[in-house]
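Below are the C-alpha cells for one structure; questions will follow.
For reference, chains read A, B, C, D, E and F in written order, and residue numbers begin at 1 within each chain.
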Amino acid sequence: MKKNILIINPVATDKWNATDAEYLRECASVDAFIKVINIEKGPISIESFYDEAFAVPGILELVEENKNNFNGIVINCFADPGVFAAREICCVPIVGPGEVAMLLASMLGHKFSIITVKKSAVPMFEIKAKKMGVEEKLASIEYINIPVLDLEKEAGRTIDELMKSINRATNEKGAEIIVLGCTGMSFLYSDLAKKINIPIVEPAAASLKTLETLIDLKLSCSKAGLFF
Amino acid sequence: MKKNILIINPVATDKWNATDAEYLRECASVDAFIKVINIEKGPISIESFYDEAFAVPGILELVEENKNNFNGIVINCFADPGVFAAREICCVPIVGPGEVAMLLASMLGHKFSIITVKKSAVPMFEIKAKKMGVEEKLASIEYINIPVLDLEKEAGRTIDELMKSINRATNEKGAEIIVLGCTGMSFLYSDLAKKINIPIVEPAAASLKTLETLIDLKLSCSKAGLFF
Amino acid sequence: MKKNILIINPVATDKWNATDAEYLRECASVDAFIKVINIEKGPISIESFYDEAFAVPGILELVEENKNNFNGIVINCFADPGVFAAREICCVPIVGPGEVAMLLASMLGHKFSIITVKKSAVPMFEIKAKKMGVEEKLASIEYINIPVLDLEKEAGRTIDELMKSINRATNEKGAEIIVLGCTGMSFLYSDLAKKINIPIVEPAAASLKTLETLIDLKLSCSKAGLFF
Amino acid sequence: MKKNILIINPVATDKWNATDAEYLRECASVDAFIKVINIEKGPISIESFYDEAFAVPGILELVEENKNNFNGIVINCFADPGVFAAREICCVPIVGPGEVAMLLASMLGHKFSIITVKKSAVPMFEIKAKKMGVEEKLASIEYINIPVLDLEKEAGRTIDELMKSINRATNEKGAEIIVLGCTGMSFLYSDLAKKINIPIVEPAAASLKTLETLIDLKLSCSKAGLFF
Amino acid sequence: MKKNILIINPVATDKWNATDAEYLRECASVDAFIKVINIEKGPISIESFYDEAFAVPGILELVEENKNNFNGIVINCFADPGVFAAREICCVPIVGPGEVAMLLASMLGHKFSIITVKKSAVPMFEIKAKKMGVEEKLASIEYINIPVLDLEKEAGRTIDELMKSINRATNEKGAEIIVLGCTGMSFLYSDLAKKINIPIVEPAAASLKTLETLIDLKLSCSKAGLFF
Amino acid sequence: MKKNILIINPVATDKWNATDAEYLRECASVDAFIKVINIEKGPISIESFYDEAFAVPGILELVEENKNNFNGIVINCFADPGVFAAREICCVPIVGPGEVAMLLASMLGHKFSIITVKKSAVPMFEIKAKKMGVEEKLASIEYINIPVLDLEKEAGRTIDELMKSINRATNEKGAEIIVLGCTGMSFLYSDLAKKINIPIVEPAAASLKTLETLIDLKLSCSKAGLFF
C-alpha cells in the first residue's frame, strides 16, 4: 500500500532534516514516501517540560496544514510532544517514538532500560512509562549527561558514555533490552548494535515502521474517548 | 505571614477575573493579597489537549513576568495546564486545582468521584489521577454534558445535572466525597453544599488554601529532579 | 528486505491453512513470503489451558524444524501458546497475536475491550493482560458464547453476537477500541469494520505486520534473561 | 475564621506539650487558638504496633471529651494512631501528621524519602504509604537508629545521622524531597532546612496548616463509607 | 505433632466460646488441643475501627498471659484485630481469619467475593485486601445489612440475604469463590455449602487449619522487620 | 479425615521418588497416605519454559489416570507446571509448591526473597509472583548458579551459595523470610534452618500441608471461571 509519511522534527532548526530523511528512508518500505519538516518557532532541542510547551503549538500548526496530504505522521522526539493534542485534530495515525519504542521493547523480554541524555529526563520518562502501563517492564533509566546538541559534536564521548550506561543497566539493573531515549542518538545506532549482543530499540526507526503497520492495517486512533 | 498570591486564569478572556477574585478573597486568609489575571492569547475555555496546548505558552509568559512579585501562583483550571513547565522557571510554589483537590479528597474517606463537564474529560482525568497516584481512591468520573461556557447561562440545568451525577456517584459507584471537576463550577459550590451531606471539594478554593499552607511552611517544589 | 515468514496454526487440522495464507498474503508486504502450516498432533481448537498444554509440544517441534529457514514466526492463536518456550530455542523473532493486538490497541486510545468466544477465556485473558502490563487499558472482556469451530458455520449469528458485545463494550464499559480475541474471527474482520466507527484490531494481521517491523528493524527477543 | 485547634500528643507524658505548643503557635494563623494535651495512660513513645495499640484508647477518650469544643484535631504522631477510629466518633476534621506530610510531599516533585528513627518503622511506613496510594512516589525510607526519647538528648548525633540519611536518600535513591518521619524531630527542622537545598516537610506543622485549610474550607471526613 | 492452640474471641462476652470450641474441634487434627477464651473488657462485637481500638488491649493481655503455654494462636475475628501487635510480643505463630481466608481463596480461582455484615465494612475490607496484596483477586465485597448480634437470632433472614449476596457476586461481579466475611457466620457454613456449587471459605476453620500447617512446618512470623 | 495424596514429580526419572516420599511422609498428618510417582516421558529437570512444555502432557496423563483414587494432588516443582490445566480435568484439589510457598511466606512478614538455582528463573518467578498478586511482598529473587541436577552432588557448595544468597537477601534487599525456589533443595532444609534465625519456607512440605488443609476443609478449585 502506498504510504505518504510526514516526519515532524519538533525543533526550530532544519539541521537534522536531511540526515533524518536519509536514515528513515533506509528503514522505510519500498512503497513509503518520507518527508521531514521542522517547526518554525520553538526550542532548538526538547529537554524539559518548558521546551515542550513552546514546541507544541508549532507542531499542531504543521499537523493542521499537512493532515490531508499524508497517510500518517511521526512527531520525531522521544518525549512525544503534542501527540495527544495532534490526535484530536487529525484522522490519520500519529505516533511518537517514545511510546512506540517502549511498547516494542516490552515485547522482547522481561525488562528494558532507557538510556537518555540528562538527569532531569529520568523522572519525566518514569511518568511516561507509567502512563503507558509499562512501568513494571522498566529496569531503569540511565543518563549520559551530554546535552542533545553535543551528541554528534562529541560522538566519541557519547558512545563511551552510552556503553557505560548500557553496562550499568544490564549488569546491575536487570535490563535485557536497551531503548535509546532520544531520537538524536539514531546516528549512533548501527555502531552501538555492533558492540552489544542484546536488542537495542532505536525509537525513530521503530516509530516509522509501526506507523507503516498502522497504515497498512487501516488503523488510527479512536475518536470515541481520549481523543475526541 | 504576608502572602501575595497570583491567580492565572488560563483563558483568553477577562470575564471571570472579577468574580473569581471576589470568591477567592472570601476564602483567603486575612494576610493574603489576591490578584487574578488572564492570558492574552489562547482558548476561551480548556476542554481538550488541543485547547491546553495553546493556553500553556501564555501561562508561562505570565509566570515569567510575575514570578518575582508574588509568593505563590495558582493556575486556575482543573486540568492544571502548564503547572509542570511553570515550576521549572520559578522558585515560588505553583499549584493546580486538579492535583490539590484530588489529594485533599483522598484524605477525607475511602473513595471520591469527580464530576466534570464533558465525556472526553473522563479518560483525561483518569490519566491525571493515575499520575497523582490516587487512581485507587477514585470511585468514578461523572460528566454533566454541559460545555464550560454554558454552566452559568444555564445554572438551573447545571445544578440539576450535577445532582444527578452526584447521586449516581454515591449510590452506584461508592463515592464518599465529591470533587467538582471544573473551576468554572465554583459559583455553584455553596448551593450544592447545602443540598448534600457528604464533603464537596471545590478545587479553586482548595488550591488557594493549600498554596497558603505551602507559603506559610516555606515549601516550594524541589529543583532536584522532575522540575530542573 | 526479503522476509520469509512462517505461520504456525497450533491446531491438528489443515482446514484453516489455505484461507489463512490467502488472508495474510493480502496484508503482507510485497517483499514477504508467507507459509502457513499446522501441528500434527494436538487439539482441533484451543479453548482451555488443557488444550494449550497438548498443542505446545507440536508447536515447538515445528519451530525446531523450521527455525533456520525463516526470518520470523507467528504462532497463530490469540492465547499465544508456546511463544515463551519457542523463544528459548530460536534466534529469529517469534510473536503471538494476543500480545501484539493488546499492545497495538493500547496505543490507539485510553481503553480497549477484547471480544472472545467463551466465558472461560475471560479470566484467562485478564491474566494475560496483567502479564503484558496493559490491564489498566482493558475496559472489559466480552464473550459471544459460540465455540471456535462454529464461528464460520454460523457466521450470521456470530456477527450478530459480536455486534451485541461491541455495543456493550462501548456503551457500558468505556471501550474506545475493539480487539478481536480469537484469530478464527479474521474472516469477519472486514464486515465488522464497515459496521462500526471505532478501531478494530484483528490479531492475526496485526501480528504479521508487527513481525515484519521486527524483522525490518533486525530486532529479536533478548537472550539475556527471560528467554535464556 | 476563628479556629480552635486541639493537638493530642498520644504519649503518657506532658514533657513535650509546652514546646510543641510554642512551635505550633508560631506556624498557626493569627485566628487560630492552639491547645496541646497528652493521654494519661499509655506508652511514652510510639515505636511499634504494640505501643500504638495501648495509645489508641486514651486518644479516643480525649477525642470524645473534647470534640464539641474544638474545630479540628491533630493526633500528633507520624504513625497517625487512632485517626481512623477517631473519625468515626467526631464531626470536626481530624488529621494525622504522617498522612498529611506524605500527601504534601507528593505535590512537590517526583519522589520523596522519609527519614525515621528505627529500622522496624521501615516496613510499617511502607505499608502506610501504600494505604495512602503514594507508594510510587516513595524513593526510600531511611532510619537513623536513635530512639525517639534520645533525639533531643543527643541532638548533635541526631543531626549528623539525619544528614547522612538525607544524603543517602538524595544521592542514591532519587529523593527530591525529604519528609521527617517522626514528629519528635520538629525541634531540628529549622537547623536542617538551613543545611540542605531541597524541600523538607516537617509533619507536625504540615498537619496543623492542612487542618486549618480543612476548617477554612468547611471540610471534614465523609460519614458515608469508611468512617461510618 | 501435638498442638496446643488458643482461640481468642476478641469480644467481651463468653457467649460464643462453647459453640466455637465445638465447631473448631470438629475441624482440628486429632493431635490438636483447642481452647477458646474471650477478652474481659471491650466491645461485644467488632464492626468499626472504634470497636477494634477497644478490643486490642485486651487481646494483647491475653496473648501475653498465654503465649508460653500454646503452640499457636488464632485471633478469631475477620478484621484480624491486634494481629500485627500480637506478633511483636510472641514467638509462636499468630493468625487472623481475614488474612488466611483471603489468601486461601486466592488459590482457588481467579476472583473471590467477600460477603460481610455491614456497609461500613466494605471500604475497611478493601483496604485490608490491598494490604494483603490480593486486591486484584477481589471481585467484590457484598453486605447483608444485618448486625453481627442478630445473625443467629434471625438465621432464616441471614441465610436468605447471604444467598442474595452470593448470587449477586457470582452473576454480576465475576466471583468464582465466596469468602464469609465474619467469623460469626460459621454456624451457617454447612447449610450454605449445600446450597451452592462453588467453594465457600469459612474463615475461622480456615485460620485454624492454616495455623496447624504453620505449627507443623515450625514456621512463625519473622522478627527481622515488620514484627520487631 | 483420611487423605490419599498423590505427589507427581514432573520429571522423567524415578530417582527422587523414594527420598521425596520419605521426606513428605515425615511432614504428613497421621491420617494421610502419600504416594510419589513421576512422569514417563519428558525432561529430567525443569529449568526453562521449554522443559516445562514437554513435562506438562505427561503430568496431565497422570492426573487423568489417578484423579479418582486420590483426595488431592501436588505437582512437585516450584514452577507449578500444568497446575492450571490439571485443575480443568479434576475435582480434587491440586496445588503447586511455588504458589503455596509464596502465599504462606506473604503471611509471615513484610517481604520475602526466593532463592533459586539459575539466573533465567529470576524473570520467570517475578512474572509468577505478579500473577499471584504478591509482587509487592517480594524483596528479591537470588540465584545460586548451580543446576538442579548438581544440587545434591555438590551439597557443600550448594549450602555455601545458599547462605551467600540468603545473606544478600536479608542484608541488602530487606528480606524477612526466605523461600527456597526449587523443590530439589528440600534435602537441605533442616541444615539451613539451623543456620539462620528467620523463617525458611520449604515449598514441597508447605504444599503438602496446605493440600491437607484444603482436603480437611473440603475445598477445591472453583469450576465457575478460570478452571472451567
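In this section, a contact is a pair of C-beta atoms (placed from the backbone, for glycine too) under 8 Å apart; a residue touches a chain by one contact, two chains touch by 3 or more.
The model shown is predicted, which means the values in this text are computed figures rather than measured ones.
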item: If a chain touches chain B and chain D alike, it appears here; value: A, E
item: Where chain B and chain C overlap in contact partners, by chain label; value: A, E
item: Chain E against chain D, contact positions shared by both copies (same if over half, else different); value: same
item: Far-end chain from chain D, centres as C-alpha averages; value: C
item: Whole-Å gap between the CA centroids of chain C and chain F; value: 32
item: Cα-centroid distance, chain D relative to chain F, in whole angstrom; value: 44
item: Where chain E and chain F are represented by their mean Cα positions, the distance between them in whole Å; value: 27
item: Chain E: positions in contact with at least two other chains; value: 109-111, 122-123, 127, 130, 135-136, 174, 176, 225-227
item: Touch relationships between chains, expressed as pairs; value: A-B, A-C, A-D, A-F, B-C, B-D, B-E, C-E, C-F, D-E, D-F, E-F
item: Of all residues in chain A, those that touch chain C in their complex; value: 27, 29-31, 95, 99-100, 103-104, 106-111, 132-137, 170, 174, 176-177, 193, 197-199, 201-202, 205-206, 209-210, 212-214, 216-227
item: Complex interface listing, chain E residues touching chain B; value: 122-123, 126-127, 130, 135
item: Touch list for chain A against partner chain F, complex; value: 109-111, 136, 174, 176
item: In the complex with chain F, residue positions of chain C that touch it; value: 48-50, 52-54, 56-57, 60, 82, 84-85, 87-89, 118-120, 122-124, 127, 130-131, 225-228
